[in-house]
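In what follows, structures are represented as structure tokens.
In the two complexes below, chain A is the common chain; its partner is chain B in one and chain C in the other.
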Partner chain A sequence: MTTTQQPTTLDPDESVSSNTMTRAERLAGLVQRRGSIVVLALVVLIASVSFDAFPTIDNAQNIAIQSSFLAIVALGMTFVIISGGIDLSVGSVYALGGVLAAYGIQFGSLVGLLLPLVVCGAIGLLNGVLVAYGRLAPFIVTLATLLGARGLLLAITDEGSTTRLMDREDWLTQLGQGTFLGLGIPVWITIGLFAVGVVVLQRTRFGHSTLAIGGSREAAALMGLPVARNTMLLYVGSGMLAGLAGALAAAYSASGVTIVGEGLELDAIAAVVIGGTLLTGGAGTVGGTLAGVLLLRVIQNVINQVGTLSSHYQSVVSGAFLAVVVAVQSYLSRAHLRGGKR
Partner chain B sequence: MVAFRSLRPVRLAGAAALCATLALSACTKSEDTGGGGGSTPGTGGAQVAQTGAADGPTCDLEQYGAEELDLSNAVVGFSQSEKEANPFRIAETESIKAEAAAVGVKNLLTTNANSQLNKQISDIQDMINKGAQALIVAPLNSDGLEPALDAARAKNIPVITVDRKLNAEPCQDYVSFLGSDFVEQGKRAAQEMAEALGNKGKVAILLGTSGNNVTTDRTNGFVDEMAKIAPDVEIIAQQTGEFARDKGQQVMEQIIQAQPDINGVYAENDEMALGALVALRSAGKVPGQDVQVVSVDGTRGAVQKVVDGEMYAVVESNPRFGPLAFETLQTFLSGEPVQQDIVISDKLYTKENAADEVGNAY
Partner chain C sequence: MTEVVAAPRANAGTRAWLRDNGVYAAIVVLVAYNLIFTENFATMANLSTQLVQVAPVLIVALGMALVIGTEGVDLSVGSVMAIAAAILPLYLGYGVLPAVLLALVAGGLCGALNGTLVAVVGIQPIVATLALLVGGRGLALVFADGQMTVIQNDSLLGLGTGELLGLPVIVWLAAALAALVWLLVRYTTFGRQLVAIGGNRSASALAGLPVRRVLMTTYVISGVLAAVAGIVATARLTASDPSAIGNLYELSAITAVVVGGTPLSGGRVRILGTVAGAVLMQMITATLIKHNLPDSTAQMVQAAIIVLAVYLQRSRAGGGQ
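Here is the complex of A and B:
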């Protein structure tokens, strides 16, 4: 989770060895990377002291399963944002993934699982090709696929009026509803995917290239990194993860509900940014994103704990968090620029 | 390098602008732009169950497997589905809260899923975890709430559903359903429209949001009944106005362009009807004379238009579920059987009664 320094040393202008960093700079970097985890710990601590029903096993299980679907979407988004891009299509792709899983399961459980992965991966591929090779703005490309995927969903569900149900006994449904050691299967899948995500970002060429592309696309290209291929794969991954999350969520509720996923892309972006990933790319952590997702979910839970508070406040609190994080980030990166002459 | 950096704030600003646009468009979809005044539920507007429905299947504590409970000692949870941004949702939530206070419920927990299914699931699970002993749920969708219902089932917590019906087993997944008969609402609207047009004319339908049983039922009820009682009334256009006033206005403008000789408009909710009135007037038509408008809901703004003679009739869809929901819950929790399907008898606002009843509209 500390790979954020990686790309900066690749640029000759930016080769500042760590012992010339001042203590303040190092602290700033630490806050940037670990801030969300510290805030999460604080919120959990305060909530545990304030509400009897908060620090219970039931509640922890609920928060874990409820966070898992957004977390999977946000994992793909983290990589895309680190590379300096954005993927707005994930909300629609998530909904499409769920509907396709419920549609595909009639032809067999494996079809129900693979169909969303293939179709959503293909949408990701379209995004990736247009962004990486077409050099179009990711913002516009993925906005177009956001609309397209929602249209496709409406087309295969009779304008959204057909909700296909999934058989509870089917193993694909159990992938959403089953539990293992007290935690839902989607939670274990999420943990597994995040573990893979950490390794990929920190230990592989692909992860390092992603950070480098986000730091400076031109510099990465000059160094001979496969910028276009790498970028394309990021969008494929994001599409597939969103499709998988949608399929798991459909399995969890045993039905391919058509009205889900609206605005999910914004929640995912919020979680990624709260997690300390720079919206401008080049720096970020997978673990921070997980903390960001949990933070959003815990805020919602705490507001439900109060019980009588209007849930509109949830958006207010989440929005305030986001604003503070972005302000702190921008302050810290400016401090970096001044301090390290970067 | 410098040029590249200078691009970044622009990209950020773009992101912010898009976020704002998305948020705005999401809001305007269901926003009430005034004219509701529904925050004061009149006492005369409480729901009444239809008497004819009292012989349906029932549910009691033993069948459901719950324990006897006194509401004044109970924690009750209410899960609202959509933002309280239109008169129906405002009146519904107000009514539940007011009745909870009136019955003296120890603690009423309220949540709002803001139209997100996953949030409604977690809201219900959170309330159960928080100690809710009975639940009133306004489902966002007929399917997909299974994990929430399972959580309630696991603790034998009775669930009463209101306004939208679940595709689930009554007295097993939930206790009973309270709501209007949307097909019947469509039928009554057709009867009023046929009367208004003298059984002959051209009618346009402003449909609600697609993929929603309220829309389907209100459409089918209207179309089938019209074909039966007034086959000479021709339905020449059916387009969705997504239950929103601005959308209703837009769609109406387009329909008048294409079909200038239209005689009647059936709007599947009041908001769209109010939008359609604006469109009709700006196209030089006089609503109530050239074109007859009938809608469903019974919001104060629309009933006032009936009083003013601009609309022919409004079929009520009563959102004040509080009294009936708590009465059902209390009956059930004291060990008596309750109906699995409790259909509400909705009023009809016409020029005969609108002036007297407008105070009861929400």
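Here is the complex of A and C:
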């Protein structure tokens, strides 16, 4: 996927340096933005050679559907992180979305789909208002809504003791379980959302503003961009996407499970960072995030293939991977900075 | 987390007072409420139950307060607790002291890893410690082979059940550690350097402060304290359960620190406030439960209190100064 550059030059030196970038700097930038895709290709290649059960259509479908729910959450997270923020509430909101879908479906399929979107969007709105207009730290605001959304979930499930089932014949349930051209419908929805995400980030004023805000909030405000409104909308989007992902996951399992989503925010952040989006904001790609999600899920799948390895190694590998990726990123961006000063 | 300077507010004084003392005021109000409306509140048994429950969170929060003072955050503490808990039963055969020491060393090593990533490699603290949060629990489960191990060592169990002068040993331990960290922040060169680095890292570096060493030490302290909490939690549970011990402790610890008035933007460490923050959050949960309000309400109330606490802190950059 094409890379996204900062649309507006905030630093007067930057336009000069970008024209006179050395080959090493360009390489560094390329690794930063495309590294995850290259590593993903390598891991897939090695896994395909090593394990007979890996390169099968069944397994690919499996990985695709398992990736889709996390990918939808990570898409919203990508935009939030590009703007220099963070959304820790998505795991709870995801769980809430699933429970709300299973709760709402008794009043009709459409209610089952809309209820999670509206409520989770409202939680995102609360995050957004507090961050954008209240000027509170995103980390702590979304930490609070992480707790609050989990509380709300418990409140509507009799303290977590009720798990509502979804009718398998219902079209909303089919949205999770159905397949089209061999791939699960959630996978198609994910692909569609990512396509929209790429366009929004690269081709719209909203996307460009998001990048500018992440680069420098003050500069973006001075340029007259609607910083607060834009920031607020990012959190609304993140909440809605997390709710949608939860609703789809609930439909996939035909039940609103209350204990899902714990730690999902961390997986999503990890995927975004592995995908080359800087946590400091101002730069990132939607495609990289997709590669990051797939990478996490492929690693998980490969560790399951190695029968002798305990499944606990999965998180060890994910954690180590995350550390290595950010270490390399940090090294590259410093090399980049040094280059810029020449 | 940069703040645009807002126009001074008329009620800045009230707000500043609330920010600095709100947590103590809230505790006073809650105690008064409970004395009047809650049965069996002012009993020694209830008091020590509450304090025992606070102890592990508080021990973790002490390290967290230091890390947040450097403008960092340590998300890995819960996983470090699990690692310490997983290591204990492996070496209890050699005696309780070697096992505890090894668990503490493991915590220190985890802290050193975080410190290296933050101070030497230059990674943002959130991501650096996120890596260990994700990987650490897996590692703990690998150490323990995914099993829960029942602890049968009497001296370790004594830590969980023992009493000294009418209060549980765990509470004394937490209090002693709090006093130690308070002294560290207030009266040592390290403490002053830590606050200076949190206030302005590049200025501190220019002033010749050993930025890397101080940051590294801070994360190591946080790791060791998390290991202590892991040991305490194991002793209380009478079992080493690496899949459950320390879960979400990073959030409770951050909450205690923030509610206690330490700003996330660094440059200020309030140990007494952190102690009060941990006690307050425990009291709120206990009060709600005592009055038969469900867990869900407790979580939503906690969420509201966190937002209120950061809202009050916000005025520091605006009206306060």
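Observations, loosely collected:
Here is the rule we use: the second predicted complex is superposed on the first by the 330 of 342 C-alpha atoms of A that agree within 3 Å, B and C clash if a C-alpha of one lies under 4 Å from a C-alpha of the other, contacts with A are read in each partner's own complex, and residues count from 1 in each chain.
By our rule, a residue touches a chain if its C-beta (ideal position, glycine included) is under 8 Å from a C-beta of that chain, and two chains touch if they have at least 3 such contacts.
Keep in mind that what you see is a predicted model, and the values were worked out from it rather than measured.
Taken together through their common chain A, the two structures put chain B and chain C in a clash. In the superposed model, A:217 makes contact with both chain B and chain C. In the superposition on chain A, A:161 contacts chain B only, with no contact to chain C. When both complexes are overlaid on chain A, the residue A:169 reaches neither chain B nor chain C.
Of the two partner chains placed by the overlay, only chain B lies in contact with A:258; chain C stays clear of it.
Of the two partner chains, chain B is the only one touched by A:62; chain C is not.
Once the two complexes are laid over each other on the shared chain, residue contacts for A:139 go to chain B and to chain C alike.
Of the two partner chains, chain B is the only one that A:53 touches; chain C does not reach it. Within the superposed three-chain model, A:305 lies in touch with chain B and out of touch with chain C [touch as defined at top]. Look at A:279: by the touch rule set out above, it reaches both chain B and chain C.
Comparing the two complexes, residues 86, 139, 143, 154, 159, 217-218, 266, 269, 279-280, 310, 312, 315 of chain A contact chain B in one case and chain C in the other. On the side of chain C, the complex with chain A involves touching residues 1-4, 73, 117, 121-124, 126-128, 130-139, 141-142, 145-146, 251, 254-255, 258, 264-265, 294-300, 302-304, 306-307, 310-311, 314.
Those residues of chain B that touch chain A in the shared complex are 1, 4, 8, 11-12, 14-15, 18-19, 22, 26, 83, 107-119, 121-123, 125-127, 129-131, 140-147, 167, 210-212, 216.
The touching residues of chain A, when paired with chain C in their complex, are 86, 130, 134-137, 139-141, 143-148, 150-155, 159, 217-218, 266-267, 269-270, 273, 279-280, 310, 312-320, 322-323, 326-327, 330-331, 334. Against chain B, in their complex, chain A makes its touches with residues 13, 53, 56, 58-59, 62, 66, 69, 86, 88, 139, 143, 154, 157-161, 163, 165, 177, 216-219, 249, 252-255, 257-260, 262-263, 266, 269, 279-280, 297, 300-301, 304-305, 307-308, 310-312, 315.
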